[in-house]
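The following blocks contain the structures, represented as structure tokens.
Presented sequentially are two complexes of chain A, the first with chain B as partner and the second with chain C.
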Partner chain A sequence: MVINDNKEKALSILSRGDGKLQVHLNSCVRCGLCAESCIFYLSTGEERYIPARKVDLVSSVYRRYNTITGKLVPGLVKARELDEVTVMEMVDLLYGSCTMCGRCTAHCSVGVDISYLVRVGRAMLAEMGKVPSTLQSTVDAAIRTGNNMGIPVDELIDTLEWLEEDLQDDVGDSSAAIPVNKSNVSILYTLNPREPKFFPLSISAMAKIFYAAGESWTLSTKMYDVTNYAYYSGNLNEAREIARRLRDVMYELNARTCVLAECGHGSRSFRWEGPNYLQSSYSFETITSVELISRYLKEGRIRLDKSLNKERVTLHDPCNLVRSGGIFEEQRFILENAVSDFVEMNPYGYDNYCCGGGGGQLAMSEYGDRRLKAGELKVKQIKNTGAIIVVTPCHNCVDQLMQLNQVYKMNVKIKTLAEVVADALIL
Partner chain B sequence: MQWYILISLGALAICLLSCLYHFFRLVRYGAPKDFSHKLGNTGAAIKYSFTGAMSPLKKESAYLHLPTYSAGMFYHIGTFLTIIVFLLQLTVIRFPVVLTYIFAFILILSAISGTGILIKRIVVRRLRKLSCPDDYISNIMVTLFQFITAFLLTGLIYQSVYYIAAAILLLYIPVGKLRHLVYFFAARYQLGYFYGWRGSWPPSKKY
Partner chain C sequence: MATLEIEGRVFEVDGDGFLQQPEIWDEDVAELIAKSDGIETLNDKHWAIIRVIRKHYEDKGMAPMVRVLCKEAGVKLREVYDLFPLGPARGACRVAGLPKPDGCV
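== the complex of A and B ==
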């Protein structure tokens, strides 16, 4: 592995005059108490997976180039050169053994934002062209085709057309629609490209909810992808470009609210990171579909019969939606109304363990075994609930949970929130 | 004024200047800027960050490691006490004898806690691997200074030893991780602001 000329650019990230960055780079006291917060350490017992080791990788490079002690006596404070060995370790630990779930951050004894520093480290690696090729190809597809799976527009339209026919049959109304590219609507709805590709029923479920609520909504064929894998790769320019496209479609269609599909990192990257990538606030409202469904229920725009969902249900909270997105009560309120037997995992909510599929892990097949091992904890949590159905408002989590289901033979059904709501809808 | 007091005053000035440099550098960078639409209450979250979020009821690093957490709390109480004692030593204010002995007792306990933390760092493999010389030096210096302060309060050592030890510690603070004296508060503030902006902290009452 050769460190290219962009090493200086990578290092310049660490010397940015940004209070948050400087604070977190200087705060870790290496107490090691974050170890038990991390699924990678807990599932393997390997010391190198301790969150503090990931922090130290980034901050030791910072110390080497930005502090007097690090420059004069590097050995005293473990200040490291950004050399090939360091870069290789960074790639392995920051991409390959962190989902950026932020669980360690919330529990750090000092308050170091560990997942943020991992992201900073990834941004450095992205500057040096060290993003794993598997993850980069997902970003490339999004930049090139407008969605991370490279689905052609014709294929999407075909899928939406047969879903629309199904919807009309299901609700017994030939005017029921899945609108496309309509302007001046209340809602522009987004999709995770996994939906049209592999899980079209979740699109039907959401369309049925929109139908029941009498909503004015649309999808855009130009830009419907809620995901932003550049958030995970650390490439700021690409992340900005992806966020810009969705924002611009909102303006073009003059929609009032952008509703983000069930996707943890997609919600995070557009709602929370997007305006910062673009350095300007959105002039429209941005909410998740979880908040929207909860709103419909509270306003009486949809009604549910929970006796239609009799099997025991548990909830997997996507880290980006709950810990880093503040959405905690809404999904619980929905499930209390949509299912008869809801049971929490332990721990849950803000403390929930990551399923192992975040951080771009699902895209990086080279770390697949590690990812499945890291998911072991989630498997235990699920088994302890005795649930038959695991609901999660995130397509990435759905994908990881499905793989865990197969590997660890959990015998559960994995569903999105919209799917269980659609099953309980009273029309 | 004795030479050793002068030396410790010089060290105090250097330490303060360095801490102020770090503090004002952070102030100059300003409050966190965020272009997204705020969902929660940053003020309440910052308060929570310094209070509820630190409690052993909520913080995993505390409730899973109660002995270390308790030792750490004691150790830090002792550290703040040494600072207060040092600053008061430089004035004409003197404590009542009974208070001197209470302080000395607390300092002995905190220094024992610090020793325990040091032993843990040496003995536990995963901590040893994480550590660098600064971790050991910082701990040894602070712990020793707590013992020395306790001995000073009980009249067991010379003042010169105390002031020289204070000077060495003060000069070391800006060098390594002891700077977290400044950064700890900034980190809790930043984290509270972040979670507050997004509505994650303070956590829902239903949690």
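== the complex of A and C ==
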């Protein structure tokens, strides 16, 4: 592996005089609390996975180029050259053994934002062209085609028409619709491309909820992809471009509210990171579909019969929505109204374990074995609930849980929140 | 390079168990990969799905939309998930010998 000319650009990320960055890089007191927070460490017992090690990897490079001792006597402060060995270790630890779930950050005794430092490390690697090719190809597809699976527009439209006919049969109303490219609507809804491509039941479910609520909504065929894998890769320019496209389509269609589909990182990257990427706030409202469904219930716009969902249900909290985004009550309020037998995992909510699929792990096949091993904690949690259905408002989590279900023979069903709500709708 | 050994045959695969060389795929390979996913016997509906995916991949270089899969294989949407519990991507496309699709799958 050759370190290309972009090494200087990578190093400049650390030396840009960013006060927040400097504080977080220099504050770890090595208490070790983060170790017991990390699914990679807990599932393997391997010390190199301890989050403080990941922090130290980035801060040792910082010390080498930004402190006098580090420049003169690097060995004295364990400062490290950004050389081939360091880069390989950074790729392996920052991409290959971290889901950026933030559980370590939540537990850190001095408040170091560890997942932020992992993102900084990833941004450095992105500058040097070291994003794992499997992750980069997902970003490339989004940049090149407008969605991360490269779905052609005509095939998307055929699928939406097919689902619309199905919706009309289901609700017995030939005017029920999945509208596309409509201007001046209340809601622009988004999708994870895996829905139209492979798992459209969640689109049907959400369309049925919109129908029941009498909502004025649309999808844009130009930009509907809620995901932003550049948030994971660390390439800020690409992350900005993807966020810009969704923002611009909101302005073009003059929609009032952007509703983000059930997608943890997509919600985070557009709603919370997007204004930072774009250096401006949005002039429209942005909410997740979880909050929207909760709002419909509170306003009486939809009614549910929870006796229609009799099987025991547990909930997996996506890290980006709950730990990072603070969306905690809404999904519980919805499930209280939508299912008869709801049971929490332990731990849950803010302290929930990541499923193992976040941080771009699902895209990075080279770390597939680690990802499935890291999911063991989640498997134990689920088995302990005795649930038949695991609900999670994140398509990325859904896919990881589906695979864990098969590998660890959990014998459960994995559903999105919209799907269980649609199953309980009273029309 | 990861390898996957099923009943004595060794395949070069990516970390998710998708074939590295889709061109070595044949019906025997499909049956072996299916077995590694716990599908002991591939029935007519499994085969109809696999053939549609395979043909679409050979013609267009990518997996078909699940709508096309249902229409051309003559199966209902929910049946696809019963037949391949890992779904059309990690389930059916892997058995059909395709490389792993991009995205949240």
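Side notes on the structure shown:
In this text, the second predicted complex is superposed on the first by the 427 of 427 C-alpha atoms of A that agree within 3 Å, B and C clash if a C-alpha of one lies under 4 Å from a C-alpha of the other, contacts with A are read in each partner's own complex, and residues count from 1 in each chain.
Please note the rule applied: a contact is a pair of C-beta atoms (placed from the backbone, for glycine too) under 8 Å apart; a residue touches a chain by one contact, two chains touch by 3 or more.
These numbers come from a predicted model, not from an experiment.
Of the two partner chains, chain B is the only one touched by A:52; chain C is not.
After overlaying the two complexes on the shared chain, residue contacts for A:406 are found with chain C alone; chain B is out of touch. Comparing chain B with chain C, the partner in contact with more residues of chain A is B. Shared-chain residue A:279: touches chain B; no touch with chain C. Of the two partner chains, chain C is the only one that A:137 touches; chain B does not reach it. Once chain A of one complex is fitted onto chain A of the other, the partner contacts of A:22 are limited to chain B, with no touch recorded for chain C.
Chain A meets chain C in the complex at residues 134, 137-138, 141, 148-151, 155, 158-159, 162, 192-194, 196-201, 227, 263, 362-369, 395-396, 399, 402-403, 405-406. Only residues 14-18, 37-38, 62-63, 65-68, 77-78, 85-90, 100-105 of chain C touch chain A when the two sit together in their complex.
The touching residues of chain B, counted against chain A in their complex, run 22, 25-26, 29-37, 39-40, 49, 53, 59-62, 64-65, 68-69, 72, 124-127, 129-135, 137, 175-177, 179-180, 183-184, 186-188, 190-192, 194-195, 198-200, 203-204, 206-207.
Chain contact summary for the complex, chain A toward chain B: residues 17-20, 22-24, 26-37, 47, 50, 52-53, 56, 69, 75-78, 105-113, 271-276, 278-282, 285-286, 322-329, 332, 349-351.
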